[in-house]
Amino acid sequence: MIIILKPNATKPQIEFLRDELSGRGLTIQDIQGETTCMLGLAGDTSMLSEDSLIRHEFVERVMKVSEPYKLAGRRFHPQDSSYEVAGRKIGGGAFTVMAGPCSVENEAQVLSIARDVKHSGADFFRGGAFKPRSSPYSFQGLGLDGLELLKIAREKTGLPIVTEIMSQEYLDVFRADVDIIQIGARNMQNFPLLMEVGKIGKPVLLKRGLSSTIDEMLMAADYILMGGDTPVILCERGIRTFETSTRNTLDLSAIPVIKKKSHLPVVVDPSHGTGYWDLVYPMALAATAAGADGLMIEVHNQPDKALCDGQQSITPFLFDRLMRNVRKLRTAVTEEA
Amino acid sequence: MIIILKPNATKPQIEFLRDELSGRGLTIQDIQGETTCMLGLAGDTSMLSEDSLIRHEFVERVMKVSEPYKLAGRRFHPQDSSYEVAGRKIGGGAFTVMAGPCSVENEAQVLSIARDVKHSGADFFRGGAFKPRSSPYSFQGLGLDGLELLKIAREKTGLPIVTEIMSQEYLDVFRADVDIIQIGARNMQNFPLLMEVGKIGKPVLLKRGLSSTIDEMLMAADYILMGGDTPVILCERGIRTFETSTRNTLDLSAIPVIKKKSHLPVVVDPSHGTGYWDLVYPMALAATAAGADGLMIEVHNQPDKALCDGQQSITPFLFDRLMRNVRKLRTAVTEEA
Amino acid sequence: MIIILKPNATKPQIEFLRDELSGRGLTIQDIQGETTCMLGLAGDTSMLSEDSLIRHEFVERVMKVSEPYKLAGRRFHPQDSSYEVAGRKIGGGAFTVMAGPCSVENEAQVLSIARDVKHSGADFFRGGAFKPRSSPYSFQGLGLDGLELLKIAREKTGLPIVTEIMSQEYLDVFRADVDIIQIGARNMQNFPLLMEVGKIGKPVLLKRGLSSTIDEMLMAADYILMGGDTPVILCERGIRTFETSTRNTLDLSAIPVIKKKSHLPVVVDPSHGTGYWDLVYPMALAATAAGADGLMIEVHNQPDKALCDGQQSITPFLFDRLMRNVRKLRTAVTEEA
Amino acid sequence: MIIILKPNATKPQIEFLRDELSGRGLTIQDIQGETTCMLGLAGDTSMLSEDSLIRHEFVERVMKVSEPYKLAGRRFHPQDSSYEVAGRKIGGGAFTVMAGPCSVENEAQVLSIARDVKHSGADFFRGGAFKPRSSPYSFQGLGLDGLELLKIAREKTGLPIVTEIMSQEYLDVFRADVDIIQIGARNMQNFPLLMEVGKIGKPVLLKRGLSSTIDEMLMAADYILMGGDTPVILCERGIRTFETSTRNTLDLSAIPVIKKKSHLPVVVDPSHGTGYWDLVYPMALAATAAGADGLMIEVHNQPDKALCDGQQSITPFLFDRLMRNVRKLRTAVTEEA
């Protein structure tokens, strides 16, 4: 951490600060900048509040040098993390596809889509039982009944299931019934939920918040990882920008940025990321080319009848074509990389 | 709702859609645009998923005409809402100031600040017991112990208290102990929490999410208002933009926009909205001039020692000066308005 | 165009507006919404100012149905545009790579890089002679001397050249010397420049503004296209968002969105789009997979000595590897698409 | 400037960099961070390209300590700047109001509005002759004929005039005819125009770009100030964000931020900043309360017939009321401040 002092900082003020910082066990070093004086701090500054430092009248700015996340970062965990979940490998060179409807509607729908996506090569079946909706007048999901339908789909197809938790009160149910617990974008900074989910040991898919930076996503992952040895998979799903042609702006550069900063696997959801079914195919290929560890795709057998997000769901037919091209692309690009 | 058809939509396709919509009890009207055909729908379209409509191959776009919120909107509730909370009026011409430290630290701190802000004319004492922090390595608040300190402050000063709830598990405690329950920006779309809070009848202060539109904030208010007769106060606290000179961009135009759309009172938090103590004073005056129904201000007796957000807290001395000028400004501007 | 009236609009007010609009040759149709009255307008509304319409006290909102661009749009030009520039095909299934240094520095540098990128398969040589820099204290480019160096590079390698124009005063020089004239992001809405460039008939590469929507980029293209039969190539180069891990957020979904809306070819600049050399390779592959018609890549033989944007330039060695993988990827993905 | 080295940087690499930097006359200091090594540079680093520094494989990050602007900054010019323009004081405690129509339409309109705003106390008459419009199909302004009408308005009312320049080709005309030359938001980074305008000595009103940070605005001001002794007035006019209820998001915190960083006066344009006439009044008061040095307001005598931006123009009647309340507010707030 570097503290930049104001030009008019007095000697006694600087001495006062120096004493305070030494008292906390930090080593302080004077730095002479172009036109400014600075103090460089060595030691454990993680408990030091930069908020308060900057409140000293004679301090102009405080610059953090270390990254703000630890467990999710590469510094102390340089090699890629990979997990085995329900017999499927995630991360570490594997490519994992999670596919299924936005929301679980009924048994026929769920089974039909689950069979289709399995046939095309999906590794996991996704579907929403609890649905976070901006409007209280929209369909809110089937809740626990939806979870039962997902379990039937798993039983009949063998595909493990991914579904979103919205509240701590269902943690026990999710622990018992779900293969990967999804934390949605709106809950990325629901810290009590993150901490509780991190304690039960089930794999977690953590979606990036609509206006969260990558560093904030990695700090959110740290909240989960502090609970123990939980496999965490990150998911880029679009951020909020001024552009209105798409529902969100899918930030594919997040993939290589996360790969630099973190050892966690990262998958991409082009369905929410774009909001339109005809953008899903090109953006899924793009995410694959950019080095994602997998995809999460909304597939619906009757998109024009879907109770939720029909406009961003692709048909099983298009999903099948997508899967074939994703495989070709990966073969072509990873051959030599 | 207006459905814009693609130029190549065929007669049978249009007939098919028309039948489907009539079957749901809607009246359909043909509209001939400049270069496009459209269908205008009259009747209750709130259960109609525009997502699915747009999924029809021959539909180009769907435009919503009605606003997406109901209970928070002015359409069926044209007059301003106002409440009486712990003997203080909120909304309806009153001006309400909530002030106190970012987080509750100890009894001496809490009492000192509470007395100071009361002396300067604050109506409510605010202070965080449960603190949502981006980093798991930052101070997380005193929790229930903090709540006890707030109660002591209330007992000693008579100021009612506002504090943030982060999880449903503490709903009973908050119902018993707190005068206004705050929903923080990160929980603005924590829908289970909104629904539960709306059922207990306590006044709620709902903060705008970092990347939430005003319409989304009003839909979030609807989630609370559906629970019954809960007083809801909205709070503008800055949105996330590209500008880095401030922590957030305080969107003061939200005040008159909310006043047009909604009957709910709106207060402004310039402390989080700007992130720097020396911007709090001018922006508090600006919010007052823009027509806010009140302010929420972080005040700390030793900002350079604060465990949280010291850089955005003002001293009791500056708060006192602020209160005096806010009063003068209101007298000057509302005289003739 | 659809005009939504306020609930309290009176009959005489509506009649008044109806007469005014009929007087402009428009056909007006009443539409009954769920809770609102609307007027639908058919005819040429392009000269109608929605700004003024909404100023009527009894008008609540005006919704445009037609897209705001014409010449760049697919409505009247459904097939893809393609051009032949200096013997190279652009658009229409071709894949065009423009590569070279951010700024032209000296003859040795220019020749070395031009030869390298030609060897690896680049179609055009790019390099900045006039450099728009946020800071007046940064290197501003060699100007006309830089243009001369580009011409030497073209003569020695045969690669046609792309370079940015910043001011109308050099239009004659650019017309004479340059193969593709680049309009930079900061000038995307420099309307006098767009109109003048559109009159000289040279191909134009139009970069998306940092905070421009896709619709605004297409309107900017219309400014150029109004001048005559100018080949226009669009370039996605990142937009400004809240994320700070990258210089800009490369919006790859712009590729399929532009392909839906417009017939113009679109290339992607991952160098400016990300700002970091190690993100260029994955994002270039991703852009290719998403369906871009080409790439613009900054290549420098000594990135750590570059006078400009060294941190986002890749070496000729990495460029070579990129080109090989781009070709493989295209073969794999387009085979069956 | 501080250079943060990667953990695996070798001694010879560090020595190499140290030599290179010493060779440029800089003093280098080792800094030991928590977990990282850094180099602190003292001396003139303004010519040092951080882009290239970061390109060294063993460099992790480069942090600038000095602000990127000079002439516009307070460091070497601590006291507020103020100017006398056509007998009116701008800055230094004065409050300057510029009012008039978005675009000049005809003599009757111009004279009527000019007289009205003068009567209400405006200091300058503003009106657009050259209009930058996103769409080429919108009214583009009367050009030189519009300038003539502005001159007539000045002659008849005595109000000096402010109008926007869009292209260098009209610099001579503007120098001769205009009192304050406006650089619009879209041209804030049109560097050749900034440099030329800075050379002619006329006062310049520089509007903030839609997606420009405050630091970038101050660097743009430096481009003008490098030309000589030109009075520069900054103008906040809203930035582009995700919020769609307003045309832009008016960033009023820019006022106190600019006051901290710069000695230049700053005025606010709530008309473009919000895009809706009924938001202009509250936001103009708010800007005044936040400490702006003045306002720029669009006033139209027949807003529902305006050729441009009618929806954001207020009537002379409302403008008059606004002026009275602005004066009251200033009296109330500045009395004691």
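Letters A, B, C and D mark the chains as written, and numbering starts fresh at 1 in each.
Just so it is clear, contacts are C-beta pairs under 8 Å (C-beta built on N, C-alpha and C of every residue); 3 or more make two chains touch, one makes a residue touch a chain.
All values reported here derive from a predicted model rather than from experimental measurement.
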item	value
Subunit D and subunit A - chains in contact with each	B, C
Farthest chain (mean CA position) relative to subunit C	B
Distance from subunit D to subunit C - Cα centre to Cα centre, in angstrom	26
Whole-Å gap separating subunit A and subunit C, where each centre is the average of the chain's CA atoms	31
Centre-to-centre distance between subunit C and subunit B (centres being mean Cα positions), rounded to whole Å	38
Gap in Å, rounded to a whole number, between the CA centres of subunit B and subunit A	26
Subunit D residues counted as touching two or more neighbouring chains	211, 240-242, 244
Subunit D-facing residues of subunit A, complex	1-2, 4, 7, 27, 29, 31-36, 38, 40-45, 63, 65-66, 75, 240-242, 244
For the subunit A and subunit B complex, residues of the former touching the latter	46-47, 49-56, 68-70, 132-139, 166-169, 186-187, 189-193, 209-211, 216, 219, 222-223, 226, 240, 277, 303-313
Residues on subunit B engaged by subunit D in the complex (per definition of touch)	211, 213-215, 239, 241-246, 249-257, 260-261, 273-274, 278-279, 282-283, 285-291, 321, 324-325, 328-329, 331-333, 335-337
